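Got some structures for you, see below.
Shared chain: chain A. Partners: chain B in the first complex, chain C in the second.
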Partner chain A sequence: MSGNETISIEKSTDDAVENGLSRLTPQRVSHVINQVLHQETGARFKAYVDTCMRCGLCSDACSYFLSNDRDPSFSPAAKVKQTIWEMLAKKGKVSKDFLRRAVHIAHLECNVCRRCSMYCPFGIDIAYMMLLVRRICHKLEITPQYIQDTVNSHSVTMNQMWVKEDEWIDTLQWQEEDGREEFEDLRIPLDKQGVDIMYSVIAPEPKFQAGLIYQAAVIMHAAGMNWTMPASPGWDNSNMAMFTGDNEISGRIARTFFESAARLNVKRIVMGECGHAFRSTYDVGNRALSWAMPPFEVVHAIEFYHELLTAGRISIKKKFTKRVTLHDPCNVSRGRGLHNMARKIVNMTCSNFTEMTPNKEHNLCCGAGGGVVNCGPPYKKERMVNNRVKAEQLAATGAEVLIAPCHNCHSGLEDIIHHYKLNMEVKFLGDILFETMEKKIYRPEE
Partner chain B sequence: MEKKQSWDWNTDLKEIPVGEWKARFNWVEELNISPDGENIASVVNVDEAAFKICVNGHVGDTEYEKIWSLKSLPDNGFAAFVCADEEWTLIVNGQEWSSWFDFIWDLHITPDGKHMGFAFQKEGEYGMAIDGLPWNRVYSNMAGMTLSNTGTSAAVVQVVPMKAADVDGFKQGLFSVAVNGNTFHNTFLNIWDISFDRAGQNLAAGIRLDREAYTIVKNDVIWDRKFQGVWKPIFSNSGNVLAPVRDAGKWKLFMDNEPFWKKGYDQLWKITPSPANNDVATIVANHFGKWSVAVNDKVWKMTCDTMISDILYSDNGSCLVAVLKDKGLWNLAVNQTPWNLSADKVFTPCISPDGYLVAVVVEKKGKFHLVVNNKIIAGNYDLMTTPVFSPDQSKILIKGVEKGVYKRRVISI
Partner chain C sequence: MGPMVWISALICIFGLLVKFILIIKEVYEKERYLLSYITVRHSLRSIIAWLIPFYPRSTRMRPVYYGISYLFHVLLFLLPVFLMSHIVLINESFNLSWPAMNDTAADILTIGVIFALVFFVLRRRFIPDVRFLTSFMDYILILMVLLPFVTGFLAYHQVILYKWIVIAHVLSGEVLLIVIPFSRFSHMITAPLTRAYTGSEFGNIRHARDW
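Here is the complex of A and B:
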C-alpha cells in the first residue's frame, strides 16, 4: 500500500462533462457563477469566505490529502482555493479548463464527509462550499454522467435507478413469498393505512439487493411490528439530486417521500441502512421545502435495531463469532451521533469486536459517499487511490468481517477491499441481526 | 345524497364477528369497510398460494394465487387485483374483467363509481385499462396515472427511447402526456401532477423544459412564463388553471400564466378551490418552518410547526378544515381555530354539507376515537374508518372494530 500509485493517476472525465463544457459560452459561465454565489448564498457563505485563515489544519482531516502523500492540492482549503475563491476573484470569468478541474474537485475529490469541519478552528463547513460548486456545475450542465443519470431517474420515477412501478411492487411480492420460508404467514403489507411504521429503502435494494428487503420483512414480522411499504412512488428515501446541487428535484423527491407517509397515516418512518438518505430526509430535503424538521419521525436502521433488541422484540440466538470491525458512516455518526448505538448493537450480536482507529465521529470516510461512487466507472481507479488510508485502517484491525451500516459505504468498501486485497467480508448490521436472531415471533406476554 | 337516504339510519347497531375469521383462515389481511357500513371484507389466505376475499364472513369458490389492493366501491361492493396462472386482472364484486395482464396496479375509481381504471404492464409495455378496455397504444415507460371524474384517463409516457445513462438523450425531452392512450405533440424533460377539470375535458400538468426552467402545460399549450419550480396545477371552478410557481425565490399562486395572488411565500401547495364560490385556499409556509393556510392570499392567524397535510372545504364553502401536526401531535383547525386533539394520528375528516359539523377519527395510544366538533363521542375502538353524516345531519354512522367484532353503529348527534 505505498503511495507511489498517486503519482501516475490521471484526472478522468466523461462525455457528460465534456459535452457540457463544449456547449458553454463565457457569458453563460459568468452569469451562472455570479447568480449562484451572489443570489443563492447569504451570511453563511460570506462568513466562510471571510473567516478562513488558510491555516491548513483541515488538511490532516481529509482522506484524499492523507492518501495522496500529503499533496497540498488535496487539502480541503486548497479545494476551496481552486474553485470558489478563484470564481470570486475572477467574478465568474473562468475558463473551461478551470471548470473541468472544478467539476473534478467538487464531485470526485470531496465526499462532503464534513470531517474537515471538525478540524477547522472556525468550524467552516467546507462540504457546503463544495456543494455550491456542484450547484454551479448542475446549472452549467457539466455534472458527471452517471450521477446525473440517477438524478434524471429520480425526476421521472422518484427513485434513483429507473425502477418501474410494477417492478417495485412485484419485487416486494416476490420477497414476501420467499419470506414465507421463514414464517408461513409473513407479509410485506403494501399501502396499509394507519399503521405505525412506513419502512423505506433505497432503489438499489429492489434493483440488486432484494434479499435485504426479505431480511427486513423477517425482522419486522418477528418483532411484531405494525408496518407497511408504499406501493407508489415515494418509497425510495435516497436523494442523488442533493449531491448534484439540483435543489429543485431534491425538494420534489423529499416531498413525495413525506407525502407517502402522510397518505398512509403512519406514526414514523423507519429506513434501511443508508447514510446519505438519512441526511436527505433528516436535514437537507425537508429544509428545502420549509419543513424545519422532518414532518415525520425518521428512524435510521441503527436506532431501530437498537430499539428492537433493547425492548426484547428481537432476541439473539447465538452471537456472531468471527472477528468483526465497524465502519462509522459519516452521515449517521458525524451527522447524527448514532455511533455509540451502533456499537451497542455490535456488542449485542457479535462476540469478537475490534475497533478501527480513528473511529466514531472521527472515522475516515469510505471514499464512496457524497455521490463520489455514483459518478461511476470512469472514476473508480482514482477513487481507490484516493482512499488508501481507509485500506490501511481496515487492514490494521485484522478483522474478517467489516460491518458498514450504509449502502454507499458498502459499495465503496467492497471496492477498496477488492483493490487492496484485504480479504474481508462486508456486511450490514441487518445481515448480522438476521443471522444471529431467534426466528420466532415476539409475544409481549412471554 | 339519494344513495345515503336509502341507507339504514334506523338500526342502532349491527355486528359482524370478524375476530373469528382468524380461526377460519391461515391469515386475514386488512379489513375494508363499505361506505354504507353494511359490508366488511378482507383478503384471506386459505392454503399455500391460495387466496380469497371474505365479505361479511362469506367466501366465494374462486381461489387466486395472489390478491392485493382490495378497495371498497361507491356502490358498497369491493374490487381487487387478482392473479391466476401468473396473469392479473381486476375483480369487481366477484366478477373478473375479461382482459388479463402481466401486472396491474394503481387502481382508480371515480367518485360516482361509474368508471374504474388501473395501470398495466404486458410484455414489457405499459398503458392504462379503463372500464375493462386497455389503451390502444402502449409505451415503454409510464408514470403519474390519473383518472378524471368522468372517466378520462391520462398518464406520463415515454415516447422516445433512451440508451442507458444517456444524459444528452434525456436533455432532448423523452416524455409526453397520453390521454386515453393518445399522446400530446410536445415532449418534455419531465411531466408531473396531471390534473383534470371537472368535466374531464381539459388537463394541466407541471413540466420541466430544461435543467432549470419549469412551467405549466394545458392541453399541450405551454405557458409563456418560466419558473424556478412548480407544483400541481388545479382547475378553478370557472376552468382557469391555478398553479403554485417559484418565482424570484418565492412561491406564488399564478392563474393562466399571470400572477393571481400578490404575496410570495416560503412554500405554497395543495390548491383547494371552494366548491361553492370563487374562494381559493392553499397550504402555505408564510415563514420558514411556520405552516398555515391562505385563503384568497390572506393567511390564517394560526400556525403550526410541523406540517399541514391536507385542507378540505364543506360543500357550501363555509367551513375549511386543515389537518395539521404541531409539536409532534396531530390536530385539526376549523376556520382558523385549532382543536385540542393531541392525537398520534388523524384520519380524513368528514364535513357536513352545511359546514356546521366536522367529524374525524383519531388514534391515541393505539385506540381509535370519533371526534365531532372537537368532542369525543365514541371511543376505544381497535379500528375505525371515516364516519358519515345522515342526510338530515341528525345522526352519524360509525364503522369500527372493537374486541374482534365489527360494529356498524348509528348514533344521534
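Here is the complex of A and C:
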C-alpha cells in the first residue's frame, strides 16, 4: 500500500474524450461554458463561488486527497479551482488540454459523494459544481466512452445495459421457474396492477446478477408481500445520465420509471440495494420532473428489510457468525440517513459485527460511485491508487465479510479488495438476510 | 468624526443588504424550487452546529487553524465595537454609549488578531493544499484586515507619527468597510445562506447530519 505508485500513474484518457476534443472549436467551447455557467445556474452557484475562502478544510474530506498522500491537486476546492474558477476567469476561453484535465477531474477524481460539503464550514456543494463541469463536458461531447455508452443504452432501451424487453421478461421467468423448484408457490408477478409494491432493480441485475432477483423473490415470498415487477421499460431504476450531466435523458429515465409505477397503480416503490439509483429516484429524478419530493414513496432495500424484520414478517433462523463490517454508501447514508437502520439489520442478522471508522455520514467513499466505475477499464488502475485509504480502513477492521448495501460500492470495493489483497468477501445485506432467514421451503411430503 | 466614516459604514451595510436582496431575487427568478427545500428548523440546526466550537468533524481535524480562526472572527467584531476610544467617538456624535473593554485587554487581544492574521499568511505559504488554493487576492484580503489593527495598535501606543498613523487607521478601516460587500468578505452574509441551504438539504431531504 505505497503511495509512491501515484507518481508513475499517467492520467488516462479514452477515444471518446480524444475524438470529442478533436472536433471542438474555440467558439463552441466558450459558448457552451458560458451558457452552462451563466444561464443554467443562478444565485446559488454564484454564492458557492464567492463564498469559498480557500481555507482548505474540505481537503480532509476527500478520499482522493488522502489516498494520494495529500496531493493538493486532489483537494475538493482545488478541483473547483482547476475547472470552474478558471472557466469563469477566462470567460470560457479555455484550451483543449484544460478540457482534457477538466473531464478527468470531474469524471474520475470526484465521486460526487458530497462528503466535502460536510467538511466545508459554509456547506458549499462542490459535488454540484463537479456535476456542472460534467454537464459542460456532455454538451461538448467529451464524456468518457464507457459511461456515455450506458447513457446511450438508457436513451434507446430505458435501461443501462442494453437489456431487450424479451430478455428482461425471460430473465424474470427463468428466476421464477428456478425458485419454484425450491420454494412452494413462489411467484415473480409481472405487471400486476393495483398491488402494494413495485419492486425495481438496476439493469446489471438481469444482465449478470440474476441471482439477486431470485433472492429478492424469496424474501418477498417468505414475507408474503403483494408485489410486482414491470414487464415493460421503466423497470430499471438506475440513471447514468444523472452523472454525465445529460439532464434531458436523466429526466426521461425518471419519468418512464415513475410512469410505470403509476401505470401499475402501486402504493409504493421498493428498490434493490443500489445507492445511485436511490439518489436518482429519491432526490434527483423527481426534481427534473418538477416534483419537490418523489411522486411515489420510494423505499430503499435497507428500509424495506428493516421493516420486514421489525414487523416480524421474516424471522432469522440462525445468525451469520463470520466477522462482518459495514460500509455506509454515500447515497443512502449521507443521502438518506439510513445508516442506523442498516446497523440494526446487521445486528439482527449477524453475531460478530465490527464497525469501520470513520462511519455513518462520515464514511469514506468506495471510490466507484458517482459514475467513476462506469468510466470503465481505461481508468481502473488509477481508481485503485485513488482509494488506498479505503483499503486501509477495511484492513483495520479485520473482518472477513464486508457488507455493502449498494451496487456501485460493491464493484468498487471488490476491486479494492482484490488490488490490495485484503482477503474479504463483499456481500449485500440481502445476501446476509437470504442466508440467515427462515424460508418457506417446498416440502412435497407435507 | 468625518463624513467618510458614515459613508463607508453605509456602503457596507447597504451593500450587504442589496447583495442579500439580489441573491433572494435571483433565486426567486431562476431557481425558485430551491425554496421548497429550505426549512427554518434545519437551517438553524446546521448554522448552530457549525457555530459550536469543534463540534463539526472537519474542525477537529485541523484544531489549531480552526481554533485561531474561530477566535479571530469573534475578536474581529468584538474589538472595534467595545473599544473605549471608539465608544467615545460614538458618544460624541450620538450621545450613545455602552460598557467598554479594558484598554489593556483590548491591547493584548489586538496583538492576538495580528498574530492570527500572520498565522493565516504563514499557513497560506506553507500548508501545501492551502497554498495551492491561494491567489494573490487572498493576501490582499488579509492585508486589508491587518492594516486597521496594526495602525490601531500603533495609534494607541503613540509610538511614531501619531497623527499620520491615526489617519492611516481611519482610512484603512473605511476601505475595509467599503470593500466588504464587493469582495469575498461578503461571506458574512452568503455563508449563512449556503449553510442554511445545505443544512436543509441534509436535514429535510436526506435526513442526515451535515457536520
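Everything below uses one rule, namely that the second predicted complex is superposed on the first by the 440 of 446 C-alpha atoms of A that agree within 3 Å, B and C clash if a C-alpha of one lies under 4 Å from a C-alpha of the other, contacts with A are read in each partner's own complex, and residues count from 1 in each chain.
FYI, contacts are C-beta pairs under 8 Å (C-beta built on N, C-alpha and C of every residue); 3 or more make two chains touch, one makes a residue touch a chain.
Since the model is a prediction, treat every value here as computed from it, not as a measurement.
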Chain A superposed: clash or fit between chain B and chain C? fit
Once chain A of both complexes is superposed, is A:G337 in touch with chain B (first), chain C (second), both, or neither? second
Pick one for A:P295: touches chain B only (first), chain C only (second), both, or neither. first
Of the partners chain B and chain C, which touch A:K164 in the superposed model: first, second, both, neither? first
Name the contact category of A:S315: first (chain B only), second (chain C only), both, or neither. neither
On the A-aligned overlay, A:S30 touches which partner chain: chain B = first, chain C = second, or both, or neither? neither
One more residue to check, A:G42. First (chain B), second (chain C), both or neither? second
Have a look at where A:D15 lands relative to chain B and chain C in the superposition and call it first, second, both or neither. first
Taking CA centres, what is the chain B/chain A/chain C angle in steps of 10 degrees? 120
Once superposed, chain B sits from chain C at a minimum Cα distance (Å) of 6
Jot down the residues of chain A that show up as touching in both complexes, chain B in one and chain C in the other. 290, 292-293
Quick one: in the complex, what on chain C touches chain A? 22-24, 26-27, 29-31, 33-34, 36-37, 46, 50, 56-59, 61-62, 65-66, 69, 127-135, 138, 184, 186-187, 190-191, 193-195, 197-199, 201-202, 205-211
Give every residue of chain A touching chain B within the complex, in rising order. 15-16, 19, 39, 138-139, 141, 145-146, 148-149, 152, 155-157, 164-166, 169-170, 173, 177, 184-185, 187, 189-194, 231-233, 246, 248, 251-252, 255, 258-259, 262, 265-267, 289-293, 295, 297, 376
Quick one: which bits of chain B touch chain A in the complex? Just the residue numbers, please. 26-27, 29-30, 45, 49, 66, 68-69, 102-103, 105-106, 119, 121, 126, 141-143, 156, 164-168, 170-171, 175, 189-190, 192, 208, 211-212, 214, 228-229, 246, 249, 266-267, 269, 285, 288-289, 291, 305-307, 309-310, 325, 328, 344-347, 363, 383
In the complex formed with chain C, which residues of chain A make contact? 41-44, 46-48, 50-61, 65, 70, 72-73, 75, 77-78, 81, 117-125, 283, 287, 290, 292-293, 333-337, 358, 361-362
